[in-house]
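Presented sequentially are two complexes of chain A, the first with chain B as partner and the second with chain C.
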Partner chain A sequence: MGSFIFKRSLQSVFSLVVLIILVFFLARMTGSPADLYLPQDASLEVRNQFNEQLGFNDPLYVQFGRFFWGLLHFDMGQSLQFSRPAVEVVLQAFPTTLTLAAITMPLVLLLSIVTGSLAAFRPGGVFDRLASFISLIGASTPNFWVAIVGVLVFAVTLRVLPTSGTGTPLHWVLPVAVLMLRPTGVLVQVVRTSMMTALSSAYIKTARAKGVGSRAIVFVHALRNGLLPVITVASDQAAGIVNGAVIVETVFGFPGIGKLMIDSVMLRDFAVIQAAVLVTALAVFIINIIVDITYALVDPRIRYS
Partner chain B sequence: MNFWKPMLVAVSATLIAPLTSAKAEDATAVTIVLPAGPDRLDPCETPRSVIGRIIKQNVVETLVELDYTNRTTLPRLAESWEQTAPTEWVFKLRQGVTFHDGTPFDAKAVIHSLERTNDPALTCITRTKYLDGTDVKATEIDAHTVKFTTKTAVPILPTLLAQLAISSVNTPKGEYTATPIGTGPYKFDHWTQGENVVLIRSDAYWGNKPLIDKATYVWRSESSVAAAMVETGEADLAFSIAPQDAINPETDKVYPNSDSALFRLSVDIPPLNDVRVRKAINLAIDRQAFLGSIISDKAELAMQQVGPSVLGFNANLKPWPYDPEQAKALLAQAKADGVDVDREIRMIGRPAMFANSNEFVEAAAEMLRSVGFTIKLDNLEMSQWLKMANKPFAEDRQPNVFLTMHDNNSGDAAFTAFFKYHSNGRQSELHDADLDALIVDAGTQAGAKRAEEYNEVFRRIYEDIVADVPLFHMVNYMRVGKRLDFTPTIANAVELQLAKLKLN
Partner chain C sequence: MPLSIRVSGTAEMNAPVSLTLQTSATSSGFRDAIGLLWRDKLATLSAILLLIVLVCVLLGPWLLADKARAVNLMARNAPPFSIDKGWMFFLGADALGRSLLARIIVASQNTMVIATSAVCLSLVLGGLFGLIAGYKGGWVSALLLRLADAIMSFPSMLLAVIVLFVFDPGITNVIFVLAISRIPIFLRTVRAEVLEIKERMFVTAARAMGARTDRILLRHIAPMVLPTVINLAALEIAFVMLVESGLSFLGIGIQPPEVTWGLMVADGRNYLGSAWWLAFWPGVAIMLVTMALNLLSNWLRVVTDPVERWRLQTTVSRHD
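Entry: the complex of A and B
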């Protein structure tokens, strides 16, 4: 396992370097920050001064060399908009997103595994139909709309939840609920399909014939086999949340990394874009390692030696 | 619902109790929702609304304050001023004023603030937008008298100084600050990135003690959420909500935001180099039809690029009528004289330039097509849009009808006329020697003569040259909670003086 993690880490470092190079050059193809940071009627002299001070007048390869040298020294540069180290800005926003993901994903997994398994137990039954219907709605309804309607219903009309912001546990209810919607919808479908396959396997029939109880058949025997595709899809969904729950962060005023990244792209804050991509890429890499380890734990046939 | 509602209320009461009780204890505290959060809180950046709305005249004050209603200047930290020579002004400072850090407000603080703002190591907007080119310097005559000198005569120096926020000598030079130290009625307390900024009342303030003792600024980019925060009592005032969210006449108040929208025309490129074609475009757009449909019915038709609060605004210009038949006739005349009126013209917009701007350009393009123009509509992202807005213009560009929105909240037409219409203006399509001379001369005049000359500048642009298609002077909607007694004005485009808030 140790050597596997080492090999995967090496591969990931290579991917990260390629990603960083791509982001560096692609971001700079989108235009000069001078136009966005200076007033439209700023003089040419002021513009030149701005570009000179920030090194934007240098050839791209010189800028890249400077950036890469900084990177080797764990220096991702200064944020243009905040005038602070980019890493500091990103690391300040990241915990909010991570907390959102850390609360959302276990709830998603719990809800979808229980619902999907029960739906698969009697395919075509009332519960299955209801679960399929609701999960499809969840997977296909735009988050943005649900978030706004959630605010109108629970905050404005019923006055039982705050509209937005952070501060009390109640502030997290709507954002987490909205964020859960799509992954839960998708995962209920995946769990259901996967469990139906598992439940129709020969070993389940044998277990039934031997008189094993329904609960044990579903949650002990079938579930373990049915979980593999679920892990794959769940990791994908978790990576999506870690990459930034942009809509939820925007609507509810959560200071997370998704909104920070979008704002930084709009404002051509190159240092923050690069730092945010690097940090989220690292997080996705860690999620992937955890998923690989989970595979091995769930399926004894998988060995990474 | 009969079961769930009491349950939810009970759970909420338990979880939210600390929050609400804290609010109830502090009846003179307010929460204000902004559309976006600040990136820095530097005094030299107060002309940017995202910063000015929090700290200008609250934490940091200016020597001079703009009176938008009467288009004049009022004393603030300066008690009086006089022009002692064409390039010299002497300002008498208010005495007995101290900064929040205990240092005295005096000539040294004014000089420090000006030097800090003019430091090329920073791109302070007060310098890059207002003071650049004036080469303004300050010297101490005595502790409470400052002399300002400029390279050339600057008759509107007091207006310019209404943008210079004065900060303590302890504000570092050469770097931006996130902890402003001013003389205002409120002290900066703290800023939590991405969440809020808190100001608290300064008991040592030199002026009248304001009623509000604490202000918390939060930001929500989603307008419906900002509006909901005021409706539920979570906030007391939401600065800018979308027209579709402004549905309660009791709380939703409209105010001019000093933005003026117009189409700039590429007057050198055929067929737009023919004045009949430019007139036809003006006649073909039914501006009135937009008001109350996709543009607020409180917006006003524009005849020039500055609004009524700006010195130089020409109140005598009349709006273009909507007359598609006359537009067609003008196009036919031009065509008969060999003008290629069928040539494709690019209409350039920018998503979210203002509420419903995408729908606006779609409709405007259709109006032009209906009188015979061939219009290709493009909505460009900000950076591409800026590339087209600014000189140098691409040599091979198509004739274009270019949507822009200009914001002049400085109180003077100088910040519009040169930049938008002089041959050397960065966004000017014109090169008319007579107009250039008039713009330059107007800039050297003061008082009534200045207003008169800028009036003539805008008349020529509108009636003689027909350089563009003025559209609307835009408005914002502010939602003011029932606890507050406040009516917004154009000044709120860039600032909100907490000291002016009253409680019901």
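Entry: the complex of A and C
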């Protein structure tokens, strides 16, 4: 297992380096921070001084070298908008997004596994059709639209939930509900398909012949074998949320990493963009490793050596 | 005509295959497809909806561009479901009294053109890279896969935001950004399929007969991968449409005076308390088209998969 994680890390390092280079140069193509942070009538001298101080006057490759050197020392530079170390800014925003993901994903998994399994148990039945159709709606609805319609119904008309911000647990209800929508819709369909395959296999017939109860057949015998594709898709969806639930965070004013990234691009805060992308990429990498380990736990035939 | 033909390995397949032969002998392939479509009512509805959208995309801006732009102060924020001011105002009107129905129809062109061309572009590029990565293997494959990983690990929304900040967010640039971010999906899918197909006998035979690599890839392997890829493309169009409307919603996609459904939702957000229909209907349009594409792609998967095809064809035999 140890050598497997090492091998995977080595593979990821290459992707990570490509990512870093991309972010570094793309971010700098958006324009000069001096145009944003100095008054419009600032003299050339002042601009020069500003750029000199922050090192924007050096050639790009020198800047990149400095950035890379800092990276090796876990120094990601200073945030322009907050005048604090970029890592600090990012690590302050990241827990909000992680909490969103940590509340959303278990709920999504629970809901979709139960619904999908029950639907697969009687394919073509009333419950199956209903579940398939509703899950399709969930997977097809644009989440920003659900978000604002949700605000309209629950916050403006019914006045039972707050419109935006954080604080009380009630503030989390709408964002989590909106975030759950698409992953649940997609996963119910995945669970249903893979459970239908599992339920039609020979060992299920054997279990039935032995007289095992249908609940045990679905949730013990079939589920464990039908779970692999579910884990794959679920990890993709989780990575999507960790990467920044930009729209939900924007609509509901959540100070998460997605909103931070977009704001930093708008404010040309290069250090924060780089740090945010790096931290989320690392988080996604960790998710992938955990998923690979879960594969081996669920299916003993999978071994990493 | 033999009533059953042995298909390699699958004994149960005899009955469905013979059925296909019977139907295809009496009618053309097109009528066959229509017949199969008719068996699945939801897929039929989806196909009809997509056809209507296609008509809107082709003719909408040409017929209704003036109506969509016409400011009518009498109809300011006209509520939906009333036909006092004519059918054009059935879905209501915006703050300038422009017909919402006409605007949705006109906006369908940008929305659909962006989604389909982005997916076509990533299909062709991702497909080609996938063919090469799967067939060649070695360092070429490794390099392409790692590049795909890098694109995938980039938060796609952020990539779009940065790129659209650098280049101006015109329609072509939005298409390119969306296409690039979806290339890895096609690359991986095609590569996985090619890895399996290239071991089959007919590829070995083609190679033994001296066919060049490009011929083997394009004439022998590509057609085998095509059904999967087309199915994936339908799903991707739906997904890209959602992403594009998300970008427009954040204000970094298409810029006014051009209009897409996502942009219309974003505009309507400011009038949420007073005129909910402004944001509501364009969202419904996005949802319906996405659903139709999903349903149709499901149907396509069942039809093109011989193992699942009997589901549709057993009903054929029952009815006849």
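Methods note: the second predicted complex is superposed on the first by the 301 of 305 C-alpha atoms of A that agree within 3 Å, B and C clash if a C-alpha of one lies under 4 Å from a C-alpha of the other, contacts with A are read in each partner's own complex, and residues count from 1 in each chain.
Everything that follows uses one rule, which is that contacts are C-beta pairs under 8 Å (C-beta built on N, C-alpha and C of every residue); 3 or more make two chains touch, one makes a residue touch a chain.
What you see is a predicted model, and the numbers here were worked out from it, not measured in a lab.
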| item | value |
| --- | --- |
| Chain B versus chain C as contact partner of A:A102, first or second or both or neither | neither |
| Which superposed partner A:L10 touches (first chain B, second chain C, both, neither) | neither |
| Which of chain B and chain C A:L19 touches, first, second, both or neither | second |
| Which superposed partner A:T250 touches (first chain B, second chain C, both, neither) | both |
| Touching partner for A:T141 - first (chain B), second (chain C), both, neither | second |
| Which of chain B and chain C A:V151 touches, first, second, both or neither | both |
| Contacts of A:A281 with chain B and chain C, given as first, second, both or neither | second |
| Contacts of A:T30 with chain B and chain C, given as first, second, both or neither | both |
| Touching both chain B and chain C, residues of chain A | 30-31, 148, 151-152, 156, 250, 266 |
| Contact set on chain A toward chain B in their complex | 30-32, 35-43, 46, 49-50, 53, 81-83, 89, 92-93, 96, 148, 151-152, 155-156, 158-170, 250-256, 260, 266, 268 |
| Contact set on chain A toward chain C in their complex | 11-12, 14-16, 18-19, 22-23, 26-27, 29-31, 136-137, 139-145, 148-149, 151-152, 156, 243-244, 246-247, 250, 258, 261-262, 265-266, 273, 277, 280-281, 284-285 |
| Interface residues, chain B side, partner chain A - complex | 5, 8-9, 11-12, 15-16, 18-19, 39-40, 120-121, 123, 125, 127-129, 132-133, 175-176, 193-195, 218-222, 224-225, 228-229, 231-232, 234, 382-384, 386-387, 389-390, 415, 419, 425-427 |
| Complex contact set, residues of chain C against chain A | 146-147, 149-150, 153-159, 161-163, 165-166, 238, 242, 245-246, 249-250, 262, 265-266, 269, 272-273, 276, 279-280, 283, 286-287, 290-291, 294-295 |
